[in-house]
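Next come two complexes, and both contain chain A; in the first it sits with chain B, in the second with chain C.
What follows is the complex of A and B.
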């Protein structure tokens, strides 16, 4: 058999997708040493999440397992792994890139969908109630400044964020 | 007098008046002016980053633009806000292509990120603008006899390449700030480990396991209280104790204080002015110990 151009496999297609996303650029540098897993506070208390496994599955092209599973949502975003990775894989940011792909394909945990709605509706992910706002003067706090909700909506419409969230709301 | 634009964020005005009061009063007393700018928004922290990283960078950059227009550096009170804004600021200053991309988005809102300002978390402002020596001179009520467990929270320190607050594995800023108030900073096991805060809402169970470990370790070290730099760590450890009690039947009764509250007390600000009653775990024994 003559050596030829290797067939483009699913694994390459998925790692290329991750590399093309903001935050995902460094995933292919991983050589599976496991420094991340041994630094991970979540991996210490559950078998449901292991950063090395998430990266391995992604590099092997197991897209469905990665983006439909709950592992990527169990990263506590502490960045210990990223600080210690000898290959300078930006693991915390790779997880964000994987979450972004999952979100785009409709795999959206409810709590994240709520955060996305909150920022679009109020300009904040945690709402300041009128009750709390009205108590400020008595506590000796200055009035709250207005939120730049119009500018925020323009920005989130330019990036397509508002449509990502709408897709979720329309899904039964 | 040094002036900063205050980035207040969401959680502090929504839920933690004692944090806001203590920070405003203590910084004012030290000669730091905080300016409240109009039209700021959410900083676009991890929950927003999880949806779309590019959107969160653009939202963070928009808020930095407001400070650039006001010709002020930004100061944050929340690790989440600090991380989002400092990360975006560093990334956009360093990467011209990314900056151009984000500026195309910002132009829809009539803004342009220039990269002329700094984003600082308030411990860094205390160290750089006031200094430990002057801070000590301003302490009128030293917190002697108080053993404090310093807890940075992840996003004060990491990713360190972008945040640059302190060494991510061996930090000392917070310990130094605690000792400057006359208190003793106590070491405890797994000090730099996550509080689990960001897992709350997705997996409350795992989040609580991490908070519980922190409570057990600080208790074992003999700390009188934990000092935090972040409203989310505060929630995980303060309200977290109520949840740990109902789930595991363990009572820690460990007061959790924002570092700014300890600072305000040491500067002689009346505890009655600080709305400390909003803490779930009562702070009375701390107040009694220092008065």
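What follows is the complex of A and C.
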């Protein structure tokens, strides 16, 4: 939030939106004690992500700043914060809810977008090269199984994920 | 019963309402109602000449029932009832209605409809009056003695108050010494004086004036003739009724005769058993025979039976010059007869060990506020020096962490309310003794609500105490130096800090004292969601409980500081005294009564009664009936609503009285609108109607109000009777669901309305003709709205079609 910027009339609308999303239900319980921030391994090494700040901005309705920025994508989902939060805010899940909102509105970093298309195409986040695959027997691992891609596509299509991803791929 | 002769007294409030209501028509109408023998009119009947008219008529013997239409709700009723009683008639043979606020004012735009409604109201009052029966006043003996459970500040203050009022007081403390948590805390805010300072008894020895404050051990309070102090004791059973409880106390052996011990200290010198002293934060050891600190009460040693070797050692017995040590003492059971019970069991620190990331119990240099308090106390184990328990060296860098286990939805969601002040007090005390001490307080919010409390915060800042807004995630320990590191984000600067500390002090939540749950079961008291004793009403009856005769004070209801505890204690004392002071409890018989012929073999009413007033009494080997205690019964009628056999009734609100009232209210129509019966509880429901009338809010005159003690009294068939009597719709108006004056009544009523709606559908009646509303006194607008809404709804539904018609 910039200094002197008038409070947005949409603030309540955005926090209500987060509350209505799966994982976002507990966001209003936050009283900004900062236990999450001091628990966060990412926040300790970069100023670009601070879970307490992401929650505060969301509660204040700074929607654009939250969903278009890269902060929410930097969470490493270690769930330290969620484990220690005294208000039982499901911080890790709140971040996922925010990511879902961001994705729906067309904001997703390229690296995630690539994961998404990999899932849609192969059913895996990472494409496994022949080279790696050939190493499996030597490591005592069974050969890779087919991914059940049809079922996965059905699920993803029911959620509208495929359309969103397609839209994302089409926009430059 | 002798024939009812009703006198009707019509007040037109000095013409204020006679402009709306046709009083000639009303007078003519009531004259012709059977049973009415006297009809009188005046501008007011609740005082002066009008009231005298009622008194004279009653005294003349012409009437034995009084119906008054007045215009001042509630107050006029009290005045009239008192006067009628003085005139020699049973006060429960009086029926007072309010034609102004319940009729004239809310319907002033439709005067002819209002007059017709007034006729119905008068008829209902007359019909009910005819069926009223005299209700007697009962007297129950009350023992002028009290049991106080808990010997901390709250218990001691209450004990002194009651003993001063010459009640026989029994003060029971489970620990071997009095003082409770307060004594351990050392010093108190906001006076900074000793925690065990109390107000001296006024009946005390001559060296003490009535204004003096003294220590527990100097006040002489233990020598008040009527004060019986039982330490090392706990309550194991309670039976009986208010005014007359039989309490069983288990007194554990002290192994030292209180009358013989001269505190010479020879026994502790020879005792070979050394254990860590829990009372003093394990910062020193004590012997198996010990006293917590020198200034305790009773000033007598105690033997810790969990570690003493008794006859295998007996060195103390050998050295004791007065033969005070009695190793063969056994625990004894004491029975007390008391009139009232006061619970003053207080609170204790939450077990911080549960929060693993703070390593309490694991790192010796992580301690709690109470343990720090022992170090701050000059009488304490370190003589006032702040040390690191790990190496006993002075602690220079101290970090305090607030809200440990409180404001924490995983453990205790509430704010413990005193811990900010405790930490600020400690910080200021340490800083003034050791200005070089480096103290940081990590907080979420600093809460200093209370007189002079903000001064502590200010003083701490002046003295250089540092404040970090942030709740630490973890405490770690440098394995080489043993220094502690507190990992916290300063949220204001958005900066991550690793605070180095010699000593970390946690401010744990304050939770109910150990044994609270068991005691609640013994006494039959409720606990709140956080496990504290629940008061009857937090606003108006903060020391009373659902059970008359049992009171609460101090930290037993919620963590409190010393000033608030004192307030609470004195308040509980006056409540207990009020109950017992005349040696008897006077109560009228507006209670439930069981028809034993119909009652049998179910447990609905005893389980439902919020006051434990109903017990089951065996009649034959296999059968039992319910019996109501007139002393415990509050006359709400929740039992009546629960009884599947109609075997229980309220003396002051019998089913035939209700039915007569209902029929009368529906018998006079005079309005094109569909008749609605609004059944209102005598508490919030009926007063909401009062307040809507007083504010002249308008609603249609087809809505007719009937008062019941509590909506919990209603039975499903009564809704059907209302429809049969001519109601097109029925409103049930009760208190808010969490504000029922009889605890569970409105909740029961809501369930019954739901059930009735299902049944109505079966009978081909639209279920929306019956609806439940909840409101409080000030929500008169809500009543007017509901009445209007209900009328419109019924108009839309059209006339009610009843099958059979009988």
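Miscellaneous remarks
Following the convention adopted for this analysis, the second predicted complex is superposed on the first by the 147 of 172 C-alpha atoms of A that agree within 3 Å, B and C clash if a C-alpha of one lies under 4 Å from a C-alpha of the other, contacts with A are read in each partner's own complex, and residues count from 1 in each chain.
We take it that a residue touches a chain if its C-beta (ideal position, glycine included) is under 8 Å from a C-beta of that chain, and two chains touch if they have at least 3 such contacts.
It should be emphasised that the depicted structure is a prediction, and the values quoted were computed from it without experimental measurement.
Clash-free side-by-side placement of chain B and chain C is the outcome of superposition onto chain A. Once chain A of one complex is fitted onto chain A of the other, the partner contacts of A:78 are limited to chain B, with no touch recorded for chain C. After overlaying the two complexes on the shared chain, residue contacts for A:139 are found with chain B alone; chain C is out of touch.
Taking chain A as the reference, the larger set of touched residues comes from B, when chain B and chain C are compared. With both structures placed on the common chain, the touch criterion links A:34 to chain C but leaves chain B unconnected. Once the two complexes are laid over each other on the shared chain, residue contacts for A:117 go to neither chain B nor chain C.
Between chain B and chain C in the chain A overlay, the least Cα distance found is 7 Å.
Shared interface residues of chain A, touching chain B in one complex and chain C in the other, are 80. The part of chain C that touches chain A in the complex is made up of residues 357, 403, 407-410, 444-445, 469-474, 487-491, 494, 496.
Across the complex, chain B meets chain A through its residues 8, 10-11, 13-15, 17, 20-21, 24, 36-42, 44-55, 57-59, 62, 66, 104-106, 108-111, 154-155, 158-160, 168-169, 192-194, 196-199, 201-203, 206-207, 209-210, 273, 275. Of all the residues in chain A, the ones that touch chain C in their complex are 29, 31-35, 37-39, 43-44, 47, 50, 52-53, 80, 84, 86-88.
By the touch criterion stated above, chain A contacts chain B in their complex at residues 21-23, 41-42, 45-46, 73-74, 76-80, 82-83, 90, 92-93, 96-97, 99-100, 103, 109, 111-112, 115-116, 119, 123-129, 132-133, 135-136, 139-142, 144-152, 154-161, 164-165.
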